[in-house]
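There are structures below to look over.
Here come two complexes built around subunit A, the first alongside subunit B, the second alongside subunit C.
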Partner chain A sequence: MPSVTLLGQAVIAGVLIGGLYGLLAAGLSLSWGLLKYINVSYFALAFLSAYLTYQFGTFNGIAPWWSAVILVPAFFLLGVLQHWTFMRLRVTELTSLVVTFGLAVLIESLIQWIWTADFRKYESGFSGLTSKIGPFFVPTLDFLALVSATILAIATWSWLRWTYVGKALRAAAMDPEMASAFGIDHRRLSFLLSGICSAYAAVAGIFIALIATLAPSEIGTWIGVAFAVVIIGGVGNPLGALLAGILIGFAESVTMAVTQPAWAPLVSFTILIVLLLWKPRWT
Partner chain B sequence: MAKYMIRPSRRAVLSSLAAASLVSAGRRVYAAPAPIRVGCTLALTGPLAQTALVHKLAAEIFVADINKHGGLLGRSVEYVLYDDQSRADQTRSLYEKLITVDNVDLIMAPYATAATLAAISVAQRYGKIIIYSSMAQVYLATYDRAFPASHGGPHPEISNPKVILDAWASTPHPPQSIAIAASKFPSALFEAKGVRDLAQKRGIKVAFYLEYDFPSRDMNPIAARFKDANADLVWLGCLGVEANQLIEAMTKIDYKPPRSFYLFPASGPLASAPGGEGATAFSNYEEHPPMDKFKGADVLIPAFHERAKAAGMPYTRVDFQAATEFAAWQMLAAAAQATSSLDDAKMADWLKHHQVETVVGKLRFNEEFNCGDDLSKVKQVQKGKWQVVWPVAFRQPGTTFIAP
Partner chain C sequence: MLLEASHLNIAYGDAPAVWDVSLDVDEGEIVSVIGPNGAGKTTLINALAGLLRPRGGALGIAGTDLMSVASHDFCRHGIALVPESRRLFAAMSVEENLDIGGYRSAARRHRNESLEQVYALFPALRERRRQIAGLLSGGQQQMVAIGRALMARPRLLLLDEPSLGLAPAVVNDVFAAIGRIHRGGVAILLVEQNVPKALEIANRAYVLEQGRIVASGAPEPLLARAEIREAYLGFAN
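Let's look at the complex of A and B:
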């Protein structure tokens, strides 16, 4: 039987990694649900942001919070530019998967070209920071990632739910023609949303740089779980993505703590299949 | 347009033709012999690219050096390299292309087990000799012209764990318990099972034996399990950066195991990791005495430092990956030179009956699966650098095995 300490630590680890899953999946979820683009390139953008954070911190002495000040607006503009290109090229929901996959490969190659395939670790000096609560340890950076993910998810969800712009975006996603008839300029609003999705990737990347060791090929390891998170959380729902991220993180972590760790992906994808069969209202 | 055209005289045309034929005749007489083309693929992209880059540099260093000294059999050597994208299916097609389209004279194996097996199957179809530098499961290479440069003996699942446990048994307080977690990567699992079985035979308590998915995203729960088990020795059957991930995860929960072993870590990141001091790993070569005097080390070490730095690699020291790749090329060259031919059958036959002095030591190939001695060693991070600590004969003078 696993000890209480082990179980508790596994729960903490799972919930915290769930924050990172939620951050990574939020852009894809919003883009898929409201822009009708299945944008796989957000994973590569997140890693580009991570590498830039590493570069700024390691070689230019720029603290990660200053990197955020630079990267979040820069990636917002990148998202706007990406959306403009997609609109010019008349990318559809189906073709977006192929186009953005190609874009992800291009970004991965660019990362490899600049920083090589070798592993990179941003020694920020914060990675060892932890808080002790009873017998349990809470890593500070992982906790900050969860807090950031929660704040961003609630803010984005509230914005979509209660502001005019948010309602307009949701209306346009549900019925573009009817929304246009009510004077909603979906095209203009979609630039804003695309920028936000990329900005999410930038934030996720900053935390990846602080928490993980970087390699270009690591991009692929997050795609499967992020898709599961988006589908479980419901497309176009940032809060759902966060909660689903925490659910998956929790399930995987507890599985790894009490059984063979190799079963962890099996558990998370079983949850996905069960939810797809059950079809609860939020999915 | 016509008014700007110059009409050449008949004399000029004839003299040009005569000059051209003289030049081409001269070329036929004095042209250097065609280079020996050696074909290979490496995982230049994809999840194995970090280590494959090390193999690429080592191979390039060997080729540049042999060409600097007159080439092989009086011919220069040309390295024909393709990117197999870390995919075995791609590797198979590319080796077909190397042999049938590029018509290379010789082939070398790619990096990692799956790709190596794919290349061996093609080599077997065409009767080519193939020397591989990165496959632990030598029993899978049943082709009689496949030769290992990565020497772990014919049964590394028995001999490698013995080296590791012998190393720890030599310390003042040998471990009484061991906790094992291994990546579900064939060579890692294979070694992990060997360690588990040998530990049980020696009466060392196996606290747990776990397998995790490759590549791993999250090592935090595994770190929690290691802490909970509190075994004397943490043994991780890892690849690449997983060792760093585990150390970071253990640091977060304030746990540093008294003893730790990492199977195939990324040498640079682990040596420089804040919690990496004292960590041990598998090796067969590190660039310090006595190994820095082995054949070819004087060429490999300085050139590797230079090229690795130029390639932007953070860790520029020669470790067993670079050394084994270099040794593979030394084997190929030795067989060609000794037989004065590029005939695959002759070269393979020669290797089976002779020993080759290489940068990793003297290799022989006269046992099962063309293997020889197990040259495995245990290395340890000491002041940010790897030092071989076992067997004692390969320790740098003045170095000790730091252990409880």
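Let's look at the complex of A and C:
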């Protein structure tokens, strides 16, 4: 059994990484729930954003917040373009998984071609920053990621819950024909949502660049966790995705501290299977 | 004339469902379309609501040609549908369903006023406005479906089988509400299998059989015809 300090440190690390899981899963959750596209290309897009942040910061001297100013709108447009292409190709819910998986492989190859398969670490100059709370260390960047994830999740959730556009998106996901009978132009709204999903990937990527070590092969390791987060949090629910991300991050981190790091990948799917068998009301 | 449909042909893929149907509804009227199962009543009303696009013929409202209007713009021209089997947004609350009804910008400006009208018409909905629509009883769901259409502030309300699956007492409530909506100045086109109810409330009626209009006119002369009494009321004399 590890010491209380070590366990507390593991809890903090887990909860903080949960913010990143939430950011990464948000795009898939929204697109699956409201556009009926199971879009796994967002993980590759997040890594593209991470590599661009690394590139801008390391070789062009652009600070990560300026990268955000460039990448978030650029990825929004990329999401709109992607949706336009999917509509032209008549991609359906079922085929979307295959098409976007292919797209993810394509983006991964592109990343590997440009930046090679070597591990890359973005030395932003902030990676060592921590604050000390009692006996615990809180890494500043991870904390920022969680704060950003929380703000974005609450904003997106409120937008879907309270605004006309949000209600229209939810209604159109349930019955597009009836939504259209009341004046909802689902096509136009779906472009907006697709842009937002892709912009989420950009934000996730910026924090991945700041926190993690980059390699094209890392994309695959994040997909499994993100799928579990999406399903546990409730498909189409951005706040649920964040809470599920924190839950899984917490459980993984505590498992690593109590047993061995090798057990961590088991955690997310164990939680997923238990919840699918138990079926609590929120899933 | 408010709604004018002439020589409409409607088909699903290669299978024609409605042929050469002409029908009109004037301001202030209640018009019923009766007919047996599979006659094409729902097909016809869905085409009038813009959900299905006719293959041929003409469709217009208050002088505006609807044939080239996008489906999602039909409600802007004052048409609102209460669809068969209600088709509520089941996972959303009652009030969210009503808000979808009032989505178009001209309707949004009157949101609170419209909500008050709907709650005055169906007081049961006011108490249940935060409940999930899919969990309500059939009668209450029908009220939500009618309320949702009213939130769009229509000139013409299209009702598809509003009595379907409801207890007789609830059917009476629904028809009483339809009467009040009509007296409030909304023209109504009603498709119904409950022929006595549909003819009792209507100013005029059409009989649709196998995709064609076979008779039309005021309810009394229609009911005076033995073949119609026999087919729809189950007795000839």
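Please note the rule applied: the second predicted complex is superposed on the first by the 283 of 283 C-alpha atoms of A that agree within 3 Å, B and C clash if a C-alpha of one lies under 4 Å from a C-alpha of the other, contacts with A are read in each partner's own complex, and residues count from 1 in each chain.
Keep this in mind: contacts are C-beta pairs under 8 Å (C-beta built on N, C-alpha and C of every residue); 3 or more make two chains touch, one makes a residue touch a chain.
Source: prediction; values computed, not measured.
A.B. asks: With the two structures laid over each other on chain A, which partner does A:Trp222 touch: subunit B (first), subunit C (second), both, or neither?
C.D. replies: So A:Trp222 only meets subunit B here.
A.B. asks: Based on the superposed arrangement, let me know which partner A:Ser180 touches: subunit B (first), subunit C (second), both, or neither?
C.D. replies: A:Ser180: touches subunit C, not subunit B.
A.B. asks: After lining up the shared chain so the two structures overlap, which partner does A:Ala168 touch, if you call subunit B first and subunit C second: first, second, both or neither?
C.D. replies: Second partner only, subunit C.
A.B. asks: Now for A:Arg120: first (subunit B), second (subunit C), both, or neither, which partner does it touch?
C.D. replies: In the superposition, A:Arg120 contacts subunit B only.
A.B. asks: Specify the partner with more touching residues on subunit A, choosing between subunit B and subunit C.
C.D. replies: Comparing touch counts on subunit A for subunit B and subunit C gives B.
A.B. asks: Is A:Thr213 in contact with subunit B, with subunit C, with both, or with neither (first, second, both, neither)?
C.D. replies: first
A.B. asks: For subunit A, which residues lie in the overlap of the subunit B contacts and the subunit C contacts?
C.D. replies: none
A.B. asks: In the complex of these two chains, what residues of subunit B are touching subunit A?
C.D. replies: 44-50, 52-53, 86, 181, 184, 210-213, 215, 217-218, 220-222, 224-225, 227-228, 240-241, 244-245, 248-249, 251-254, 266, 268-269, 272-274, 311-315
A.B. asks: Touching subunit C in the complex: which residues of subunit A?
C.D. replies: So the residues of subunit A in touch with subunit C come to 164, 167-168, 170-171, 174-175, 177-186.
A.B. asks: What residues on subunit C touch subunit A, complex-wise?
C.D. replies: 49-51, 70-76, 80-81, 83, 87, 89-92, 96, 99-101, 103-104, 108, 148, 152
A.B. asks: Which residues of subunit A touch subunit B once you look at their complex with the stated criterion?
C.D. replies: 2-3, 5-6, 9-10, 13-14, 16-17, 108-109, 112, 115-121, 123, 127-128, 130, 132, 137, 139, 142, 212-213, 215-218, 220-222, 225, 249, 252-254, 256-257, 260-262, 264-265
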